[in-house]
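When the chains are written out, they are named A, B and C in that same order, and each has its own residue count from 1.
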Amino acid sequence: MLSASLIVDPAFRVGAVDPRIYGSFVEHLGRCVYTGIYEPGHPTADADGFRQDVLELVRGLDVPIVRYPGGNFVSAYNWEDGVGPAADRPTRIDLAWRSIETNQVGVDEFQRWAGRAGAETMMAVNLGTRGIDEARAFVEYCNHPSGTAWSDRRRANGASDPYGIKVWCLGNEMDGPWQIGHKTAFDYGRLAAEAGKAMRLVDPDIELVVSGSSHSRMPTFGTWERVTLTEAYDVVDHISMHGYYQQHGDDRDSFLASAVDTDRFIDAVVATADHVRAVGRHSKRLTIAFDEWNVWYQSRFAGQENLPIAEAPALIEDVYSVTDAVVVGNLLISLLRHADRVKIGCQAQLVNVIAPIMTAKGGPAWRQSIYHPYALTSRHGRGTVLRPEAKSPSHETAAHGEVPLLDAVAVLQDDDRSVALFAVNRDQHEPMTLDVDVRSLPHLVTGEHLAIADDDPDAVNDRDHPDRVAPRRLAAPKVDGGRLQLVLPPLSWNLIRLTTRD
Amino acid sequence: MLSASLIVDPAFRVGAVDPRIYGSFVEHLGRCVYTGIYEPGHPTADADGFRQDVLELVRGLDVPIVRYPGGNFVSAYNWEDGVGPAADRPTRIDLAWRSIETNQVGVDEFQRWAGRAGAETMMAVNLGTRGIDEARAFVEYCNHPSGTAWSDRRRANGASDPYGIKVWCLGNEMDGPWQIGHKTAFDYGRLAAEAGKAMRLVDPDIELVVSGSSHSRMPTFGTWERVTLTEAYDVVDHISMHGYYQQHGDDRDSFLASAVDTDRFIDAVVATADHVRAVGRHSKRLTIAFDEWNVWYQSRFAGQENLPIAEAPALIEDVYSVTDAVVVGNLLISLLRHADRVKIGCQAQLVNVIAPIMTAKGGPAWRQSIYHPYALTSRHGRGTVLRPEAKSPSHETAAHGEVPLLDAVAVLQDDDRSVALFAVNRDQHEPMTLDVDVRSLPHLVTGEHLAIADDDPDAVNDRDHPDRVAPRRLAAPKVDGGRLQLVLPPLSWNLIRLTTRD
Amino acid sequence: MLSASLIVDPAFRVGAVDPRIYGSFVEHLGRCVYTGIYEPGHPTADADGFRQDVLELVRGLDVPIVRYPGGNFVSAYNWEDGVGPAADRPTRIDLAWRSIETNQVGVDEFQRWAGRAGAETMMAVNLGTRGIDEARAFVEYCNHPSGTAWSDRRRANGASDPYGIKVWCLGNEMDGPWQIGHKTAFDYGRLAAEAGKAMRLVDPDIELVVSGSSHSRMPTFGTWERVTLTEAYDVVDHISMHGYYQQHGDDRDSFLASAVDTDRFIDAVVATADHVRAVGRHSKRLTIAFDEWNVWYQSRFAGQENLPIAEAPALIEDVYSVTDAVVVGNLLISLLRHADRVKIGCQAQLVNVIAPIMTAKGGPAWRQSIYHPYALTSRHGRGTVLRPEAKSPSHETAAHGEVPLLDAVAVLQDDDRSVALFAVNRDQHEPMTLDVDVRSLPHLVTGEHLAIADDDPDAVNDRDHPDRVAPRRLAAPKVDGGRLQLVLPPLSWNLIRLTTRD
């Protein structure tokens, strides 16, 4: 039996949770949009063609913001193709995923869908094949009230009120050689600065996300951020990060410690942004939009250049296990731990494509294993993150060196009377006793303990067994003398909610 | 009483005055166009909506060339928006001044207006958000006779003859971070070279102006010119300069010596252009288009990013004093002194926006104080500039170091029989006797002396007192024994015309 | 009498001839298209306006591939102008040649023409004034079967089957300051990489040609290739070279040795490409598209900036002599000698413009002198190039130093039973005996000897004397004891065909 301990004290705070860290991502990729959120003719489709079964599951995730429409897709996308009478919209070849894009869903449809999902949109402009003029026109179409050609086009297309889209991404993964219109850091930084400047002149209230590194192992990582931010610092608010993790071979220990890479990656981007701030004598601080993250078995994907051109093909539909769910839960702990600098997070993606929600065309929708830690953290991880002081045994991993077996973070809820503790036991075989010191929160007396853990860490959900993997309720913890003792199962993600006696 | 002297000798010449140094500037900014030169429904409006009262005042300035349509405006302007049936033209957000641009005035209207004003147009293309193709199409629309798609569009829009627009600006203030589509000197130089090359292939008779520094204190000044010209030298004819001056705090002495900065700025740009000429083994010499200059109280302008979006708002409507008029007159002396290299000058702007002419919407138009030195220099400062040898007392200024109290230049009229002498007394309190040696022009015997000077150097004109500040006729000077003695009032601008007895 | 010898041995091979080295080039320039291949109303014009007399001569050249539509023309050309109903197409000013382009011939017409000529098209995209999006749309228009907006436009325009255009040029001579949209090597390399990447995603089967140096004396030669390829190596298949030759003054010896420059130029480009391959750890090898080459008396061309704008003007209609034909034949020998790396060659151009075929508007078409070595090499120079071991006398030339007087190459035909030997005697005055060792090909017993040679090396063909210069049949060579003795006339190009006795 492993043994660890933790102090939870509201005097030591990291910062307020920006609920937008529980964002998601809908890209025109595979079946995320078509037969995912949108499937006219489906038994549950509403008048606009949106699947109600999917919307129901989305609402269960309590998603405050959804990034759209890409992703790699956006870098050759002309947004005007997606507005106006649906029958007049051109059919295009999407270069990013070599798919047929019918443009039946565009910005107007997506805004309607997002409204029903209770989410705001995080919109991306194309800085791959396009420039300043198209970006400013897009902001004008979406956010200007009326009286100009573009805003009146939106009104003619049925939206009399401006959308007020607040967060705009200046392109996507522009550091990646795979990106259509990939640029050097300097050229991208210049374009981001000029496009962002023009967009902000149309609507000064927007927040802008500059494109950072596609992952922490990019050869240009660090330099990309420094050079790009040197050009664009003044005009942007957030810098993006993307991170995907998977198990390589049978090295599950390294995979379970993926959040260690996330932590280091965030710390390095923060350091770089603060360096540029110092050199440029800027007063504002940049924050981070971790706007693509998840477990993704990329080694199973053959690469887009080998795809046949097809309409809404089933691409990158990874099926997630218990282990994957534990890692996803741990990655959320990492975002929470950096609540002072990470203001937006988007799990990629929402439906079908490396997604918590799966659908069958014409058939049902169901939850993958990773749905559960996402939903529970999104619901209970709001308030103020406390700086947890933990003592934990550790072990050596091939990918990350020595890592602690316990990873945990505590969130003081907005009522100041309850605490949510998120904890992962990374050991595959041993349970862990966790001793929690809550003496500085004397009113806490009772709680609830939910866990993702399973005798079969490879168990998955599928159409026929949609609830094979789900959170389990463990023995309710009791506070005794300001102390709480829990047992975390091996290879588990845990939510412990502590509240006062009513 | 201060005392200074001057020799005027036709043997010592600077060069012929290019009348285009008396140009002006009409930008789509504030009320310069709308309710400025153009106000359908105004009591004096002609059938095209042009105010005749404004046109009358413009004619009084004898303006040979007017820069159009920007300025910062041009860097996000699509010229096609302004042609064709007025009712079909799109309403846009002008990003430079965050204004609603109805596009009711475009190139065709402006050409009609310029024709009535007796001026040619100095046209600017958008190199902020656009590139080569749109620039060449614009030249084709304006200057190609017929038989091509663009020239036939112009004819369909009512202009069967080509406009023959001679002078074209390759963008505007591309060195400024505030500019939409701001570029590095190298990137701009490349674009200017390629756009200019294409424009010249459409019409080999055009003159091209490459964008130089926005003012002499730009951190990139000098380097910008060197790098840009290294790319574009062969394709361009002029390099632009912009300069605005104002009184800071109560330091009027420095303000009165603003032309010293203009002189140094011109000399530095000439040196840089000649350096690039030498390195590149070019044979032609570049000349200067000082295409924005004036007194402008920029410290009173809050910055465009803070403007609400509005249609034809009253922006930057500075009211000018006697002192401002003296400085404006002195800046014209500086341009004349560099007649060998400065071939174009544009006071910015013509109407309402830091302008010699003001209007009330639906009401009258009137002359500001600065109108007068501009009009008098434009009328009488044509011919050949003589190199005046002056002796003058000097004083120390905070901004410019030691400066002479007298600044003067003489222009030998084209008939070779009369001379116009322009002179400023920069001392705020003391009159100055000026002894002029004209022995080498023995036929000159009589003259006229007009001055801008006032007991109240802060006096201004306004709607109700449109002629409070105007030139005063002083005692007519007489030539005696090849010598002439004048008295220049304190803080004054003076025009002394010497002619033969008829 | 000069004396040289040669060993022809099938064991020593350079490589297989790619028939595409016998390509040609049709640019929208002068009368190449209009009154060249296309002249509605001409007595021989078919229903589509294509001159049958010209087509007949083209077929005589056995041209496998024709580059289109430029050349310099392409760098400001918008391909969409050339599709759709002919009456609706816009008339443009072609900037490259200051000509009126009526767009009556566009991609659809050219594909029909190429089909009738038995040639495939080598298409160029505009990377001067345009970018990624227009390039990918063009590939989609041409090569995508159907079901997208662009491919359905092609079908609506009459071509239900995709064209399957295989070879695409990424712009033209982008290293040349004369080029519209000329770029630095780095900027061009980035654009070529990104445009090429997008084009390949539309159709992965295309081959891409990156723009190399415009000639071997460009100041950027070598550096241009290195920098450009460093950016674009992975995405391209071929790198282009252009080379034109003429006699300067009376230095005919240097002119006759022009192929020496071609050899050195090819070797240098191969070395540069292989250098970038090594540094970048690339596995594929680039090959060469020598996609503009010919004799061109450029010194007689005044430069495009001095041309009046006219429709289908008679531009660059060089008339070729016997000497020019010998040089053209020698340049083809140079391409053959590099068969391992040169996969495409395009003689520039096909009709009227520095062309083997001339036409009179409304009148006949005829062959220039250079037609003959081109036609004979194209017909007989297919198979496998053998590495000829030659011994030749040499002489000193002003332009190339010491050069051999004999240049020759042997091609083993695909039936492995016959050999074509191409040989030039560069001496202006002396005949040359050539001793050929064919002992390793014992079945060869007889042959045919055709030569371009003339008492008057300046003789030309014209409308009235269309066959003044033509191949002459010399004494048929006989193989005797594995040896063959030929006499090459002074200043001659020779084809010796050796076959078995049937």
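As a convention for this text, a residue touches a chain if its C-beta (ideal position, glycine included) is under 8 Å from a C-beta of that chain, and two chains touch if they have at least 3 such contacts.
If you're wondering where the values come from, they're calculated on a predicted model, not measured in any experiment.
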### Summary
chain B onto chain C, same sequence, C-alpha superposition: rotation to the nearest 5 degrees is 120
### Task
Specify, for the interface formed by the sequence copies chain A and chain B, whether it is same or different in terms of residue numbers shared by both sides, with half as the dividing line.
different
## Note on the structure
chain A to chain B, mean C-alpha position gap in Å, rounds to 55
### Query
What residues in chain C touch two or more of the other chains?
none
### Query
Residues of chain C touching chain B in their complex?
76, 78, 90-93, 95, 98, 100, 128-130, 180-184, 187, 304-305, 309
### Message
For a test of understanding, state which residues of chain A touch chain B in their complex under the given definition.
### Response
131-133, 136, 140, 144, 147-149, 152, 190, 193-194, 197-198, 200-202, 204
